[in-house]
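One chain, subunit A, appears in both complexes that follow, with subunit B as partner in the first and subunit C in the second.
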Partner chain A sequence: MSQRSFEGSGLRIYAILYLLFLYAPIALLPVFAFNSGTIIAFPLQGFTTDWFAQMSTNSTLRRALGNSLTIAVSASILATCLGIFAARATTRFEFPFKGGIMGLIMVPMVLPEIIVAMSLLVVLLGAGLQLSILTVIAGHTLICMPYAIAILSTAFSSLDKSLEEAAYDLGETRWGAFRLVTLPLVMPGIISSLLISFTISLDEFIIAFFLAGNEPTLPTYIFSQLRFPKQIPMIMALGTVLVVLSIVLLAIGEYFRRRGIARISGKDSGGFQ
Partner chain B sequence: MSDDHRPMIECQAVQKYYGDYHALRGIDLAIREGEFFSLLGPSGCGKTTLLRTIAGFEGISSGAVLIDGKHMEDVPANKRPTNMVFQSYAIFPHLTVAQNVAFGLRRDPRGKAEKTALVEDVLKMVGLSGYGGRAAHELSGGQRQRVALARALILKPKVLLLDEPLSALDRKMREQMQVELIKLQRQIGITFVLVTHDQEEALVMSDRIAVMFEGEIAQLDGPEALYARPANRRVADFIGVMNFLPARILAETDEGARVEVAGLGEVELPRAQISRANPEDEGVMVGFRPETMTLMGPGQIHYQTRETGATIDEVVYYGDMTYYDLRLDGSARLDGRPRTVRISMRNVFGRDVQDVGTRTQLAWSPGSLVLFR
Partner chain C sequence: MARHGLDAEAKKGLTLIAPPLLYALAVLAAPLLTILTYSFLKDGYLEVIAEFTWGNYAQVLTDPIVRTIMLRSLIVAAMVTLVTVLLAFPIAYYVSFMVRPERKSMWLFLITIPFWTSYLIRVFLWKVILGYNGVINSTLTGLGIIDEPLTFILYNVNSIVLTLAHAYAPFAILPIFVALEKIDRSLLEAGRDLGESRAMTFWRVTLPLAMPGVIAATLIVFIPTIGDYVTPELIGGGKIPMIANLIQVQMLALDNRPLGSALAVTAMLTVALVSVVFLFLNRRFLRMRQ
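The block that comes next holds the complex of A and B.
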């Protein structure tokens, strides 16, 4: 589309307002995180890193961070491992009701999370299970799976089916063929799936809120602190850290996803290496 | 290749179903030790399926596959004495050329130095000396194919299976690789089974060829027999160009038949020149190849025994060859429809290309005719 079609149409203004609305609040996070005033308002008072220091000494926050990391790491590994099985099955084999089964696995992507969280809560309580970070891990694995499968299916389907057969033909076992040929070639997809699942789990609120019992996670901790105006500058600092972390992780994930596609499709990937 | 060679591969009444689809319909086949064997047929006729059942990638629905006298029913692909060159070459993109070639040696107890030397030997054999350190994506199509060959041959299989290995190459490269493959096969002496849909490639390379249609073998013969004496019209149509003229059998004995051919008149054909036609055929036909007849012109001499009047309908000039479409006098005699036949003449010094519309004589011999009935 040429730039001219925007001019005078108001669409350009709309686009600018849209982007402002999307990113200005995020841009304000670091601004207030380094502001020495306790009230979140202009004019700014002065520069400080106190809020970051306060953050690092807060024991509940440290506990929430520990929980969140445990949950995110476990859920991303679980979702990615299960995703590898599903992605390989759907790209390699034909089986009855394949479309239906894959559809059901992908549904949590579009299902309202509140419904997932509520029904999980009912089932877990009904089964007499204790709410803990384990239950959150289960819930997060469930919602990360569709993303993991979507990424891994791309990685698997762009792989020539005869590569694994060739390894098998050359005397390897089925597992050897998978480990020596398929796994290294889909590794960029696996890394990308791990990172994206990690990011999804780290900032997930509803399931964590419903299923964590008394354990805090970062999002539920942040929500609970918003009631105390005194804490808000520290939450701004925490938010800043999370934004930076998310951007870095997503960028790394995307880098590996693209590199995987370039490598498998035989295009020159020399620029990356 | 003599008949007393024992079979390296035997297929006995091999049937293969994909669900309801009947992909192989009773394949009986004996491939001799050390021969260059081709499976030739149009796309979708089941060549790859047959090759993959020999390799062990596909199970069979019934029948038996034997390699070197042993039943292969319970032998998986990674334990069979066969190796495969895949249509896509399947070069491992994350490994170097040398690592690709050495892949099959992972379970080999020999020392590292010995393996490295072996890899270099095999690379040399396929003309890739010094390429060991290259990455897979740095190779051209022809080089990838050589890597695939080296990778399979380093394991010294009893049978090398090749699935359309030349189809991805351009014409020049393909012709060069055909010659190299033949030389390589003679040099190492193992059995090659080649799948191809290119009849010329099969004729050039093979000791024997099995022509397949719809999951069945239509004819199994050496290239010359296949070309000169196709078993039925379908094989004749698939391999090279063949002209067909309607015919009528006047008399038939154990020795042969006396036949009236539209445009050629009466001929005696011995049994060797009589083929069984497909059941769905529209009637008795006589076929001949374009190069077996001679178009007469000023000063043209020939060793043929018969002559027939004809008119030139079309001239197609190819540089080294000229194709003439001829309307034969009296070709409408049997069914009322005039026929044209295609004759090819090599362009040699002193023989001018003739013009469309010229009245001419066609010289031929009954020995080049095949009766399909």
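The block that comes next holds the complex of A and C.
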């Protein structure tokens, strides 16, 4: 067994180094966000919270944040609603061309975003439609839908069919059974689907960059500011806030995912299978 | 029932799948068909002329610039995939085999957190790390190890590969982890009981059984990296474009939509072809999954 523990400790050291590599860029964010120097380089100058203050008074940034929140909330609700239909259909029913249909719906997961963005842009311009937040919402709903379906399918497939049948036997209508029995049981899945879709949309750059017209979103605003060295410290402060926000959202999502597993009394397999 | 061709269950299923299917048809399939059509049309000044031509594809296939950029995209994506999957396998193995079951979720959570933080800022921070006055250079000059900042670490293919390998790490770890989790642990004991060494058991039992996960990881990393737009723009300094940058320039800056469409279609076909060849080469691992 000594060889195994040796192997284990070797791998453990590797795992910790790997985590350091994964976290290295993010760890630098707060370092520069609180650094009073205007140049993003070492050695550090002094401590300041000016960049956060500058961030909170920036009106373009506020507009970009408003747009991003509108887009992310709309896209996550739309993607989750469409995802509920798809997850219910694949986990419960057999129908013709099931593989092909699901394949098409899941394609955005593997299609480079530039292709999605460009093809949508060509169609929108060809149809003479005005680019706006709405066109970004359409694009984001499309790319969030596969992730929503993946999460919701797990929630729907671990559902016990007999619970719904019991509701029918007790005189509930199909909709009544769905609303009173199924929906509460898959609610943790719905919440984590909403959170994941929200996070994906909030961070999505390519589609927003090409389909938003003149409206800024957070990522496109960040991209436009990266060209100006003077603006970088403020972007670092913004990044710090975003990282903290993502971690909070993910932790909430993880909490609901685990509670969902506990509720359906399955064992925690880490969200897979 | 048989007369209608569909039974009640199939009808219910199709009714349910209709909204997401119609959405995907309208927002995904229709636009993709549009660029496929455009790729066979002629480009006029500020408009697309509805006249069939192979000219765009001829240009895509013969233009040396397009060929260089396409080849570069393929090489970068292949290098990123190789680095990412090789680095990811030991982590997936560690979490699956060495970490106690109740702590696996926490490890996966730790691995995925960086992936959910702003992609743009993460990419930009690599520029901060690798840059002329960056973390690495200022540390090394500060320590007196080098006199002049190293210039070969930014604005080149290596820095693009490093940045992308970082960005796609979780995509590689998760599928391999899932495949490793599915391995029946008693098979490994059997291998050991039959007198195989630990290394041989890994080579002959664990690795072949993990291959479906490795194959999935390879494709999941390869396909999006070949179409990455942000990293060549930020890390490459716009001087080493990849295929996504070229498509964007043709479509918007040069307003040549037919050529841009032909480039997009060619890129998709190339990716599909590489994926199919890759799957074909690994078919024996995928067949033994059951």
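Here is the rule we use: the second predicted complex is superposed on the first by the 244 of 273 C-alpha atoms of A that agree within 3 Å, B and C clash if a C-alpha of one lies under 4 Å from a C-alpha of the other, contacts with A are read in each partner's own complex, and residues count from 1 in each chain.
The rule we apply is simple: a residue touches a chain if its C-beta (ideal position, glycine included) is under 8 Å from a C-beta of that chain, and two chains touch if they have at least 3 such contacts.
Keep in mind that this is a model prediction, so the values were computed, not measured.
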Clash or fit, subunit B versus subunit C on superposed subunit A: fit
Contacts of A:Ala166 with subunit B and subunit C, given as first, second, both or neither: first
Contacts of A:Leu120 with subunit B and subunit C, given as first, second, both or neither: second
Partner contacting more residues of subunit A (subunit B vs subunit C): C
Touching partner for A:Leu22 - first (subunit B), second (subunit C), both, neither: second
Partner chain(s) touched by A:Val243 [first = subunit B, second = subunit C, both, neither]: second
First (subunit B), second (subunit C), both or neither touched by A:Phe228: neither
Partner chain(s) touched by A:Leu11 [first = subunit B, second = subunit C, both, neither]: second
Contacts of A:Pro219 with subunit B and subunit C, given as first, second, both or neither: second
First, second, both or neither for A:Leu185, with subunit B first and subunit C second: first
Shortest CA-CA distance between subunit B and subunit C [superposed frame, angstrom]: 7
Contact residues of subunit A, present in both the subunit B and the subunit C interface: 268-269
Subunit A - residues contacting subunit B, complex: 160, 162-163, 165-173, 176, 180-181, 184-185, 263-264, 266-269
In the complex, subunit C residues that touch subunit A: 6, 9-14, 16-21, 23-25, 27-32, 34-35, 38, 87, 90-91, 93-95, 98, 102, 104-105, 108-114, 116-122, 124-126, 128-129, 131, 133-135, 138-139, 142, 166, 169, 174, 177-178, 181-182, 198, 219-220, 223-224, 226-230, 234, 244, 247-248, 251-252, 257, 260-261, 264, 267-268, 271
List of subunit A residues in touch with subunit C within their complex: 3-4, 7-8, 11-12, 14-15, 18-19, 21-26, 28-29, 32, 39-43, 82-83, 85-86, 88-90, 92-96, 98, 101, 104-105, 107-108, 110-116, 118-123, 126, 138-139, 141-142, 145, 149, 199, 203, 205-206, 210, 218-219, 222-223, 226, 235-236, 239, 242-243, 246-247, 250, 254, 258, 268-273
Complex contact set, residues of subunit B against subunit A: 55, 57, 77-79, 82-84, 86-88, 90, 92-94, 103-104, 106-107, 136-137, 151-152, 155
